[in-house]
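In the two complexes below, chain A is the common chain; its partner is chain B in one and chain C in the other.
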Partner chain A sequence: MSNIHKDYLGSKFGMWLFLFTEILLFGGLFILYSIYLHKYPTEFHLAGKELNVYFGGGNTVALVTSSLFMAMSISAIQKDDKKLAITFLSITLALAFVFLTNKYFEWGAKFHHGIYPDSPALLERPKGEIIFFGLYFVMTGLHGIHVIIGAIIIIYTLFMLKYEKVNKDDFVLLENAGLYWHLVDLIWIYLFPLFYLIL
Partner chain B sequence: MDKNSEVIPFLNDNKYPGIFGWIFSTDHKKIGLLYMYSTLILFIIGVIIGLLIRIELIAPGKTIVDPQTYNAFFTVHGVIMIFLFVIPSIPAAFGNLFLPIQIGAEDVAFPKLNLFSWWLYIIGLILILFSLFTGKGAPDTGWTFYVPFSEFTTTNVSVAVIGVFILGFSSILTGLNFITTVHRLRMPEMKWMKMPLFVWALYATAWIQVLATPILGITVLLIFVERMFGIGLFDPAKGGDPILYQHLFWIYSHPAVYIMVVPAMGVITEIIPVFARKHIFGYKAIAFSSLAIAFAGSLVWAHHMYTSGMSDTAVIIFSFLTFIVAIPTAIKVFNWVATLYKGSIIVEPPLLFALSFIFLFSIGGLTGLILGAAGTDIHVHDTYFVVGHFHYTIFGGTGFGFFGAMHYWFPKIYGRMYNKRIATIAWALLFIGFNILYFPMLVIGMMGMPRRYYDYLPQYHTGHIISTVGSWILAVGLIIMFYNLFKSIKHGEKVGKNPWEAATLEWTTPSPPPTLNFVSEPKLTRGPYDYKGVEEDEQYS
Partner chain C sequence: MSTESKHIVSYKTFIIVWALLLFLTAVTVWVAQINLGFLNVVAALAVATTKACIVILFFMHLKYENKLFKISVFMTFLVLALFIGFTFFDVAYR
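On to the complex of A and B.
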């Protein structure tokens, strides 16, 4: 029934629109962050010192590298090298898991120290620090969920590559997966300095 | 492409048997009808709850339910009407039905995504209905889910907000689909300034859906997170700020008012020139005013918060911005009236709904000025004046726009005509009942009756009685209208392609349209409002 020809530009256009909505979704949280930073500058500073910049830095490297491999995977399929595309995309996926594992240990360490939402140890701290860690868990948590969604999309794309549903002539799915992955990366690039560096 | 001999209308084109032919169909017209049927069912549920609220309020003190149930009533009435009926009604139902046909396309840009949007709508709907009957009772927060109450109430708010989140997702995907469709699938001859104005209205709406809804998504998600993990972002005891919640909520929910009403304005813009037999007055002004409303409407959210504790400067700025929205809105109203001026007006049911739209929406708009002005708003804030105002705007506007659309496009969808005399009677009852129902609210609101109260002082009694009686007249009108339309689906008089002699593209294809919308490649021979030489319908006149 569907005799509508595949619209390459249309698919990309739709994806970009969707990415705008994702930015706005996080935008609400960035608004909260900026207002609470304004309200509690010293508490944010003190709490921010407690985050481990090496964990955050390692994760930044992992994500940025994964974006590079994503882009190379697209180049590979454009040159009709299916095998290389699959390899690069698999590395992207592996780096996503590196990110999540890293995050697991980072959050785990915080939980170990009694810092988690609504925990007794956290509630004894000043209000600004409660808010800081609240935002930290909500924003990195929401970002983590996006990493998981991105990983699922990459796995799906890998299968499509394998069965040549994604190929040299029709690789918009891979490109859109790439766009989504770059967005996840981009959001982290904002989260990282806000929580780990500037405070 | 000449398949003239055997045109299968989309209603009979089923790949799968029975109901699956509908719920797995990616045909935009079927999805549009699915939306229409599901929103109408929800509308009827919402109306029934509304009638129960009115009966409870017919006398002071307890009448039929206890206070807690009453709180659940107005919350559920609001959630159902806003999120499940009004927001999806015109764009998702009539937009899906007619946007692709009006631009000469075979379908929307992403047909599968379109079906997915409807599925999301149903999932959200199920979650919201689920929240009513499980846990510790139906949500009692009001449809705005204001913190801190929504964080701490024991009722089933968590499930309901997740339902709202999913509905928001559905709305975003519909908007995204429409924008892409308008950009990519217009027939090549159709330049931007040749598009029907309903398409322009949907296009503007789609941008609001895409740009505003994510903020609602994060807001309700935060309520869920707060309730689950007690993070305290909105809880003053933990350093949070409840006012921020109100900001985030209204950043979406005020533009959402324009998601509700701009498509209805688009419908009215289609109806009026057809029945005045005149080119629409000020095509460009109407097209751009849709965009202007979408833009300006995004800047005015804090006019819901004059009494919440904002700085005076902020109040003045938001008051000013709010007044600016009146300009593009008035442009539309004046253009409709100017189109009617010296037209050869044919009074048919769709036109009656369009005219009552103008009347009711104007009352809604003018009372909106009283609320938009900071000084007068302090007096009537959170009174029945507000309730009256938004029912005039949303029910009188979107609701009557929706009914108008049902009567205007009914012959196109089903290939049959309803009984026009009964439709007129139903319209009269609706119009009279509506005013008897909502006008007293403006009066008792001015007198000081607060909204959402279970009980009230004796001086408001008369107003409440009149209002409740009005709700019954309105209900009778609705029953007659739905009965008439429902019966005519199977038994109405058959019509041809173009019973109204309209000029937009959907009237050049058979009624009901075939699966891919057109029998042969559509040709753009005239502008959307050029009625000169429109062929008279041979099967019906």
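On to the complex of A and C.
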């Protein structure tokens, strides 16, 4: 055991401060979305109908469930159950891949129909629909990048758990990985109704 | 030598929270099928915000953190609400 002083509170607060910048980053995009929704309600409605609710809904369930296992893995390490913590965190990671696979097929289907940023088929459409799909690709794309980064952080944390760098007495890395992962879930909670269920 | 938040949340609590979140997801999907006009947007955002609060309080442990965390999270969302509010004040009365 090292006797180096670690500032757990500072570490966690630093993570939260970073998350605040993420909230404002996505917040800016949400402002953009809401203004264009205000300007082109019918176009947004028509374009939104083209998105597949089953992909969106399935991914919502995948992310919420992955968050559950992330939260439970922190409880497990607090109870000094290393094996269970690793199992739970592995399930979270598996669900992250389920999410990304889903997204791959969803975007693939859109590309197949000729809908991607700046595509000729998209540019023939009314302005409001072009904006809707532009925001769709930017916002779900940026969110997807966060899922990929989150998965990388989870893999790193899994190794730290395995080698007991993360343990019952020092698990702030797992907590911060969890905070990042829940933020990804948090943003999806808003993306899902705004794009798939609209309105 | 352990982390400040010694509070261990039980698996049962988390599973209840998870079930609640899935239920609210089903509610949004269901409400979206009914045509309420502008109220659809309000309903969707209300349910999403409820879900967000549950995630922040339980999954993100905010309920068990000290005041510093609670106040700064609140301030962040207040700032975001101000941004959105003032932007709409501009857009709506242009």
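FYI, the second predicted complex is superposed on the first by the 195 of 199 C-alpha atoms of A that agree within 3 Å, B and C clash if a C-alpha of one lies under 4 Å from a C-alpha of the other, contacts with A are read in each partner's own complex, and residues count from 1 in each chain.
Following the convention adopted for this analysis, contacts are C-beta pairs under 8 Å (C-beta built on N, C-alpha and C of every residue); 3 or more make two chains touch, one makes a residue touch a chain.
Predicted, not measured: the structure shown is a model, and the values here were computed from it.
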- Query: Now for A:106: first (chain B), second (chain C), both, or neither, which partner does it touch?
  - Reply: neither
- Query: Looking at the overlay, what does A:72 touch: chain B (first), chain C (second), both, or neither?
  - Reply: second
- Task: Identify the partner contact of A:60: answer first if only chain B is touched, second if only chain C is, both if each is, neither if none is.
- Result: second
- Task: See if chain A has more residues touched by chain B or by chain C, and give me that chain.
- Result: C
- When the two structures are overlaid on chain A, which partner does A:135 contact: first (chain B), second (chain C), both, or neither? first
- Message: For A:38, using the defined touch cut-off, is the partner it touches chain B, chain C, both, or neither? Pick first, second, both or neither.
- Response: second
- Message: Touch test for A:123: chain B only (first), chain C only (second), both, or neither?
- Response: first
- Can you list the residues of chain A that meet both chain B and chain C? 1, 9, 13, 17, 20, 24, 27-28, 31, 35
- So, in the complex, the side of chain B touching chain A is made of residues 15, 26-27, 106-107, 109-111, 113, 172, 176-177, 179-180, 183-185, 210-211, 213-215, 217-219, 221-222, 225, 229-233, 238-241, 244, 247-248, 251, 515-516
- Interface with chain B, chain A side, in the complex: residues 1-4, 7, 9-10, 13-14, 17-18, 20-22, 24-29, 31-32, 35-36, 39-40, 117-118, 123, 126-128, 130-131, 134-135, 137-138, 142
- Message: If we count contacts the way the header does, which residues on chain A are in touch with chain C in the complex?
- Response: 1, 8-9, 12-13, 16-17, 20, 23-24, 27-28, 30-31, 34-35, 37-38, 53, 57, 60-61, 64-65, 67-68, 70-72, 74-75, 78-79, 168-172, 175, 178-179, 182, 185-186, 189-190, 192-194, 197-199
- Show which residues of chain C lie in contact with chain A when the two form their complex. 1-6, 8-11, 14-15, 17-18, 21-22, 25, 28-29, 32, 40-41, 44-45, 47-48, 51-52, 55-56, 58-61, 65-66, 68-69, 72-73, 76-77, 79-80, 83-84, 87-88, 91-92
